[in-house]
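Just below is one structure, and these are the notes that go with it.
Naming follows writing order (A, B, C and D), and every chain is counted from residue 1.
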Amino acid sequence: MSTSEPLDSAIRDLVIANRILARENVIDGFGHVSMRHPLNPERFLLSRSRSPEVVTRDDIMEFELDGTLVSQDHRRPYAERFIHGAIYMARPDVNAATHHHAHSVIPFSLTDEPLQPVFHMASVMGTEVPVWDSQNEFGDTNMLVDTLEMGQSLARHLGHRQAVLLRGHGAVCAGPSLQAVCMISIYMKDNAELILKTLPLGKPAALSPGEVERTAAMLLSAMPLARAWEYWTSRAGFQGI
Amino acid sequence: MSTSEPLDSAIRDLVIANRILARENVIDGFGHVSMRHPLNPERFLLSRSRSPEVVTRDDIMEFELDGTLVSQDHRRPYAERFIHGAIYMARPDVNAATHHHAHSVIPFSLTDEPLQPVFHMASVMGTEVPVWDSQNEFGDTNMLVDTLEMGQSLARHLGHRQAVLLRGHGAVCAGPSLQAVCMISIYMKDNAELILKTLPLGKPAALSPGEVERTAAMLLSAMPLARAWEYWTSRAGFQGI
Amino acid sequence: MSTSEPLDSAIRDLVIANRILARENVIDGFGHVSMRHPLNPERFLLSRSRSPEVVTRDDIMEFELDGTLVSQDHRRPYAERFIHGAIYMARPDVNAATHHHAHSVIPFSLTDEPLQPVFHMASVMGTEVPVWDSQNEFGDTNMLVDTLEMGQSLARHLGHRQAVLLRGHGAVCAGPSLQAVCMISIYMKDNAELILKTLPLGKPAALSPGEVERTAAMLLSAMPLARAWEYWTSRAGFQGI
Amino acid sequence: MSTSEPLDSAIRDLVIANRILARENVIDGFGHVSMRHPLNPERFLLSRSRSPEVVTRDDIMEFELDGTLVSQDHRRPYAERFIHGAIYMARPDVNAATHHHAHSVIPFSLTDEPLQPVFHMASVMGTEVPVWDSQNEFGDTNMLVDTLEMGQSLARHLGHRQAVLLRGHGAVCAGPSLQAVCMISIYMKDNAELILKTLPLGKPAALSPGEVERTAAMLLSAMPLARAWEYWTSRAGFQGI
């Protein structure tokens, strides 16, 4: 992959995002994070098929939005790269995406209980998170979103939102930047845990739509994102950034 | 910031308290801890806007009680510094305060179940923890306590107590010293977890008011506080203190 | 134990599997993992009686399928080695097995709630996990599976499946390779946690039999197993593998 | 304290037991572990008032069974040392004791649900764990067992058993050796967590009395205790023991 200064910096951030999502227990051995190419919006960057905890610069590959690998590379890409490409096609405002199986969010894909923000940090995931069920259009599958057609079905379900659940599988998050999509992914996970913890006490009250809108706008601004990024980066073991 | 020996020592303790609250999972990327200025009760010390886990001596700033930054400093302070100033104004007995989002306490801000001490260590948070709801006086907001007026509303709700919950947001704790406010914050979190764990078995019995009073007086005395501080400091990675 | 290159490599993998299962909280001080001998299918390899977290190459012993120690060795073998031998006798397709007490699976041995895969990664444990109760055939015991007769009773209960629960005790997992049996053991544990977390929301929907079959076939293929093994190995502290 | 070879070795084990109970999350900043003096059964060894995680050889003190400090030492002993002395007085078979606040056991002190062994490792705590309530004899207190009279009341409640719960406070465990009392303390905590996890599925079946008796006798024998001690010691950071 030919490099340049903005691309170098983007790849560095993408490696850090991989490590952050592993460290914060959003992604275990399986799952991934991508970003739109900083110089060419018709392409995106994603690791080869490897666990985010061990991803390095050299693992980052470049793809067309339809999932075609750009460079000559004998290494295997993720089978589910179509999730990312389909979202970048449908959503010009999205520049980074995650696919993860954070355990606390999966219960909300298996029952009728909606995943709504109940504490302020989770406002970044939006007022509602729909559930996409691969059975509806595709019947019994191996549960991977491994074709462009499936990716586009999922992207339609995501719509204009920040996150969508996959029944019996996990979630996809989308945001304007790597920093933002990490915040959405991490606090979505925390919010799900909070609801599960609260239920023995009773049904938790969700934030009002006005609170969600104002709080999300504040949290997704430069200062909170920079503060969170510094914190996550330090915890993931990167020094002096 | 001009320094002196008592101030040097206070700043050192404030940095340690930041690291302790991060290590003990009371504060994640967001939240803060402050102390009243050791030489001037009309001022308080608080980090610049940075996650407690990475705060260092150089990050500590000095504020008037109304939240005005004393020194010339181009760095951003926490938007919610007004929480701290308003409490120091209203409560001459308080010399340290925390604002945190410990996940286990938030459920008690979302339901009618009261947060009461059910094990002896939690007696330090007092017999009851009221809930402050920003909606009541301020309607839809970005959920930050980012004006002196909001801080003073919250301080009135805290009253003479050691802790108050913020609906859908977190908690504020206040104590006579950094050691005490760390103990209040940590065991408040543990007590909330205990109640949540107990509910599948049945409603837990709270300590009697007499037990709370006597146990809190004992735990907030010099020996237990020194023992806990040594333990937390060691766990936070500070050696030879 | 005489060694050769395939055996050396197998022993190395077995030590790594021990450390992985400790690191991933599948096995604590008690429990074990074995593999069929790579050169002699009538024998199997298993550590001497020692916690997996501290097992080294030198601890690996060689056994006949009936549990007889092959080499002259004064060290104590696990009392429950019969679990492994009995499964290798009954199941030519099985080349690796674990016995563990992962806490999250034990509740399913104590109630009538079945342990079924509710998220895709757990498809590897199969559509159902039966419960073996030592009381039924053996009455009050010390709860160890410490005779060949008990091992064979357990192996009959396992049947053609990937996992079986032991009432009030733990579980046994069996797979075609060490990589596979680690994946089965780890995601069985995660799946049990998921169901427990979901119940306050309602009964979770299990994957369809068709989904389980297709997803398991995909996950137990070379690429996902290699990716998971690299991840677990790195987390267990082995470098440069 | 005058030393000798058996005493040196005992003190070394007592320091390790302190670190083990901290590492395994049985004891946080508060709680303690003691042993009967190896050369004088009318005395016991216990750290000065310090968190077990940071206890060293030099912290170990020697006491009469009534709690009197033997040596000239200006340092503060634990206020609750009477727990240990009273048990050693009443129980010649007991040579080691812990007092801890493991969070998972406290719910069983706050409700009528009995703490019974539901998995084999917890057989070591015995078939039942009674609850001692300081209110019954002593009314409102600071909840510490800080007199010999209170220690003796607690010891009577413990009776011939391995463990007793203290309402709203924690637990006391007693065993024939440090290794045994660590096993009792750790698996009592795990068993309590297991019951709490199981309740959403339904009431867990306890082990039969015959199973408890036979399994406990097996687990408290030399080989399992040595295996567990090696594992805990390694996790607590002691090398080459």
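One rule holds in what follows: contacts are C-beta pairs under 8 Å (C-beta built on N, C-alpha and C of every residue); 3 or more make two chains touch, one makes a residue touch a chain.
Keep in mind the model is a prediction, meaning the values are calculated, not measured.
The chains touching chain C as well as chain D do not exist; no chain touches both. Counting hops only between chains that touch, chain B reaches chain D in a minimum of 1. Judged by shared residue numbers over all numbers used at their interface, chain A and chain C contact each other through mostly different positions, with under half in common.
Ranked by separation of Cα centres from chain A, the top chain is D.
In whole angstrom, the spacing between the mean C-alpha positions of chain A and chain D is 46.
Chain A and chain B have Cα centroids lying 32 Å from one another. Multi-chain contact residues of chain C (touching two or more other chains): 200. Taken chain by chain, the contacts form a single closed ring in which each chain touches exactly two others. Chain pairs that touch one another: A-B, A-C, B-D, C-D. Here chain D touches chain B in the complex through residues 28-30, 49-51, 53-54, 76, 101, 103-104, 106-108, 110-113, 135, 139-144, 167-170, 196, 199-200, going by the rule given at the top.
Taken in their complex, chain B has these residues touching chain D: 118-121, 123, 190, 193-194, 197-198, 200-205, 207-208, 210-211, 214-215, 217-218, 223-224, 227-228, 230-232, 234-235.
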